[in-house]
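Note that the chains take the letters A, B and C in the order they are written out, and that residue 1 is the start of every chain.
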Amino acid sequence: MVKAEPILAARGLGKSFGRFRALSDVTVAFPEGGITAIIGPNGAGKSTFFNLISGAFPPSEGRVLFRGRDITGLAPHRFARMGIAKSFQITNVFPHLTVRENVRVAAQARTVRFALFRDRSAYPELTERAEALLAAVGLGHRLDRLARELAHGEQRALEIAVALAAEPSLLLLDEPTAGMSPEETRAMMDLVQRLAETCTLILVEHKMKLVMGLCRRLVVLHQGQLLAEGSPDDIRAHPEVRRVYLGKSA
Amino acid sequence: MTARTPSRTIDASAAVPAARPGAGRTGRGLALASRHRVALTLAFLIVFPWIAPYQALAANILVLGLYALGFNLLFGYTGLLSFGHAAFLGGGAYGCGIAIVHYGLHPVLALVAGTGLATLIAVAMGALAIRTRGIYFAMTTLALSMCVYYAFYQAESFTGGENGLRGINVPSLTLPGIRLDLLNPTVKYYAVLAVVGLAVWLFSRLLSSPFGAALEAIRENENRAQACGYDVRRMKLVAFVISGALCGLAGALQAIHLSIVPIETMHYSTSGQAVMMALLGGMGTFFGPFVGAATFSLLQDGLTTLTSHWQLFVGAIFIAFVLFLPLGIWGEVLARLRRAGW
Amino acid sequence: MSELTLGGFPLDLLALQVVTGIALGAIYVLVGIGLSLIFGLMNVVNFAHGAFFMLGAYVGVFLYGYTGSFWLSLVAAPVAMGLLGLAVERVLVRPLYGRGIDDPLLLTFGLSYVMIEAVRIAFGLTGLPFGAPPELRGGIDIGIGYFPLYRLFLIVFAGLVVGALWLFIERTSFGLVIRAGARDPQIVQVLGIRISRVWLAIFGLGCALAGLAGILAAPLQGVTPEMGIPVLAEAFVVTVVGGMGSLAGAVLAGLIVGIVVAMTSLVAPDMTKMAIFALMALVLLVRPRGLLGRAGALG
């Protein structure tokens, strides 16, 4: 099989906080399309890795490549403009704006950032786009609510709509189901599956079971290092992964 | 790189006041009022001299209202608390005054000169202050405005130094086809209102624009706005400069209105006055700055007739507002109307 | 006499001016540390810090008039301001935790108006003259020339206070809590300590340091109700130059500011005030996080 160029690649990525080494020498490539999950037990360095590849902070060493282009250390808004969107682990929306305005203002960031004296209503396509996206994530009935009035699961869905508004080719999700009820979790995973039809998804997940059935590839981190990568079947069979992740049952 | 405020006790990203009256599910009455906010504001300001205690005070309030309005763009709509806006009010006032006293410019050109000088100061101050985040912004703007204060204080041959800039006499205003007698307080009020009205209209356009929407997004959640693709630092700088220009225009009008620019115009306490007016009136509301300016001026006016220590009461009242009425007078009125389903 | 000169000034004079700068810097250090402590731990900018400085000076000067003992004033001013700080935190600032980060700032800003005006009512508008106490008047030869004894005392005394503070933070269990709390308030709660108690104590300590700096500064300039306003701005400069809530940064920046002031007053006396802010502008351009700024860097 001919290997296509990866959409995102990490080369020798590492991060230290003072003397604490959170991540060291991770080299991994993410293929275009489908879902890749980054898993690992608590403290494995998943969130650090996520923050590095999403540009939240710069790495101590190593590089991040997007479609072969070096994007290490670029400002967060540059990431967004290149087509990389992200959803944070902690819910991160615009609390006192309406649900519709949350997504509209995000969609606007692509095209009309510095229009100072035209009216917002001069761009009906942005509003339409926002409403369509909100319908897609199941928030079509909440358009005029303030974001902070939504339930936790709804806020996460809203956040994903906000991220999608930028029409990304790559969407990064940090623990999209954290703190959710079982029903909310199921709805979110359905949504994630649907999203994978339109863009590449990389998600960090704590619960391995949740992602096994969905994703094409898995990347396993352990103690700040890359432990294994491969298809769900590969990972399931991987002796090291079984030992550290699934317990002593190997 | 952007200096990050350590997010500790009170997370900076969660630092959104309890309720913003600017957003929300608005009833039909309030939505209608919001759509015609410029017309309603102007209508009020047109009748205001007839309900104010005396007309000179009305013109004071008008100018201070514009000052608070400009400040509110930054504080109420962008979420940046500046303690250095006196530099812009003063810059506008001195720029206008110097243009008239030293260069004999036409008052309208002097207004432009004043606004221009304030804008330049805002660019310089903003470029430095925007490099800090969160709560550092207040400290940095305060310190930088003190620097501007001392610079104007020292440049005595231009600014009159400690004595202030005197002799800004504009008895009349000659425009093509019309001559306005500015010694008549009523004429003067409406001449000032013409300029303020224009600024209010521009301000409203700005708020309704996509840029205004982006500013609110930055206020609500800076990190998220950045992740959406907004160059937050640049947008903040543009907001800072526009805010400074509006305050500079207010200063230029004030110089003509008072015929003098006291050095105190640039002082820290004048920066604090903008903060007080914005909070008393209601930050992030369109009409709040004028309510705040009126409240502050009437308080000052009323209290000084009773005691020379009026600042004691102003300070205490301000503390009470922070503790018990953080939405301000107009913000509270709007919140109550909204709850009542208007 | 030395023959060496630099920029037209004898080296001896320059050296003396540096020592003068360190003496001035001692005041900035104390004010800056107080502000940084409160800010670093509580993320609260105390806009009344200058007012506490001023009120501390007044309390000290007032007591001196009755007792004639500068040493008593030196104890009473910080104690009084510490107690007032405790009351302010408990009654006014505490209700604001959990609200916007700007709210405590706005509140203390209003408080500074009340404090300044209260002093005007109690002591008049014009201020009080105050000189160094008799036992600290005159000068002594420090090898490079005669130096005012009081300024030398300032350097030594502020050095002792900073040293004691350092020991307190590094060596005591409460200091451990302070250091942990500066990194992450949740850790403190995990340790089973009520963070609100820590904040209360820190606010009081910060205000006490402001009051101490006030009475120490009084012999240099006398006291006026407005004396705290420029000090507040200068303390902000110290904080910004030193770096985000860093105590070591506040010490370093305080001394640098003092020396810059002393040197500028030699070269261009009119520019002294502006030099402070030019320094801050420079630091913001080159190193916006401050000289020793790093998240959670205390001590």
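Assume a contact is a pair of C-beta atoms (placed from the backbone, for glycine too) under 8 Å apart; a residue touches a chain by one contact, two chains touch by 3 or more.
Protein identities per chain, from UniProt: A = Branched-chain amino acid ABC transporter substrate-binding protein; B, C = ABC transporter permease.
Bear in mind that the values here come from a model prediction, so they are computed numbers and not experimental data.
**Q** Work out per-chain C-alpha centres and flag the one nearest the whole-protein C-alpha centre.
**A** If one averages C-alpha positions chain by chain, the most central is B.
**Q** Taking each chain's centre as the mean of its C-alpha atoms, give the chain farthest from chain C (ABC transporter permease).
**A** So the chain farthest away from chain C (ABC transporter permease) turns out to be A.
**Q** Could you tell me the distance, in whole angstrom, between the mean C-alpha positions of chain B (ABC transporter permease) and chain C (ABC transporter permease)?
**A** Going by mean C-alpha positions, chain B (ABC transporter permease) sits 32 Å from chain C (ABC transporter permease).
**Q** If you average the CA atoms of chain A and of chain C (ABC transporter permease), how many Å lie between those two points?
**A** 46
**Q** Using mean CA coordinates as chain centres, what's the chain A-chain B (ABC transporter permease) distance in Å?
**A** Using C-alpha averages as centres, the distance is 41 Å.
**Q** Give the residues of chain B (ABC transporter permease) that touch two or more other chains, as numbers and ranges in rising order.
**A** If we look for residues of chain B (ABC transporter permease) contacting two or more partner chains, we find 16.
**Q** Within the complex, which stretch of chain B (ABC transporter permease) touches chain A?
**A** Result: residues 13, 16, 19-20, 22-25, 202, 205-206, 208-214, 216-217, 220-221, 223-232, 235, 238 of chain B (ABC transporter permease) touch chain A.
**Q** Which residues of chain C (ABC transporter permease) touch chain B (ABC transporter permease) in their complex?
**A** Within the complex, chain C (ABC transporter permease) touches chain B (ABC transporter permease) at residues 39-45, 92, 95-103, 105-107, 109-114, 116-118, 120-121, 182, 184-185, 195, 199, 229-230, 232-234, 236-237, 239-240, 244-245, 270-271, 273-274, 277-278, 280-281, 284-285, 288-290, 293, 295-296.
**Q** Which chain B (ABC transporter permease) residues qualify as touching chain C (ABC transporter permease) in the complex?
**A** These residues of chain B (ABC transporter permease) touch chain C (ABC transporter permease): 1-10, 12, 15-18, 81, 128-129, 131-132, 134-136, 138-140, 142-144, 146-147, 150-151, 154, 268, 272, 275-276, 279, 309, 311-312, 314-316, 318-319, 322-323, 326.
**Q** Per the contact definition, I'd like the list of chain A residues that touch chain B (ABC transporter permease) in the complex.
**A** 75-77, 79-81, 85-86, 88, 92-98, 101, 104-106, 108-110, 112-121, 123, 144-146, 162-163, 165-166
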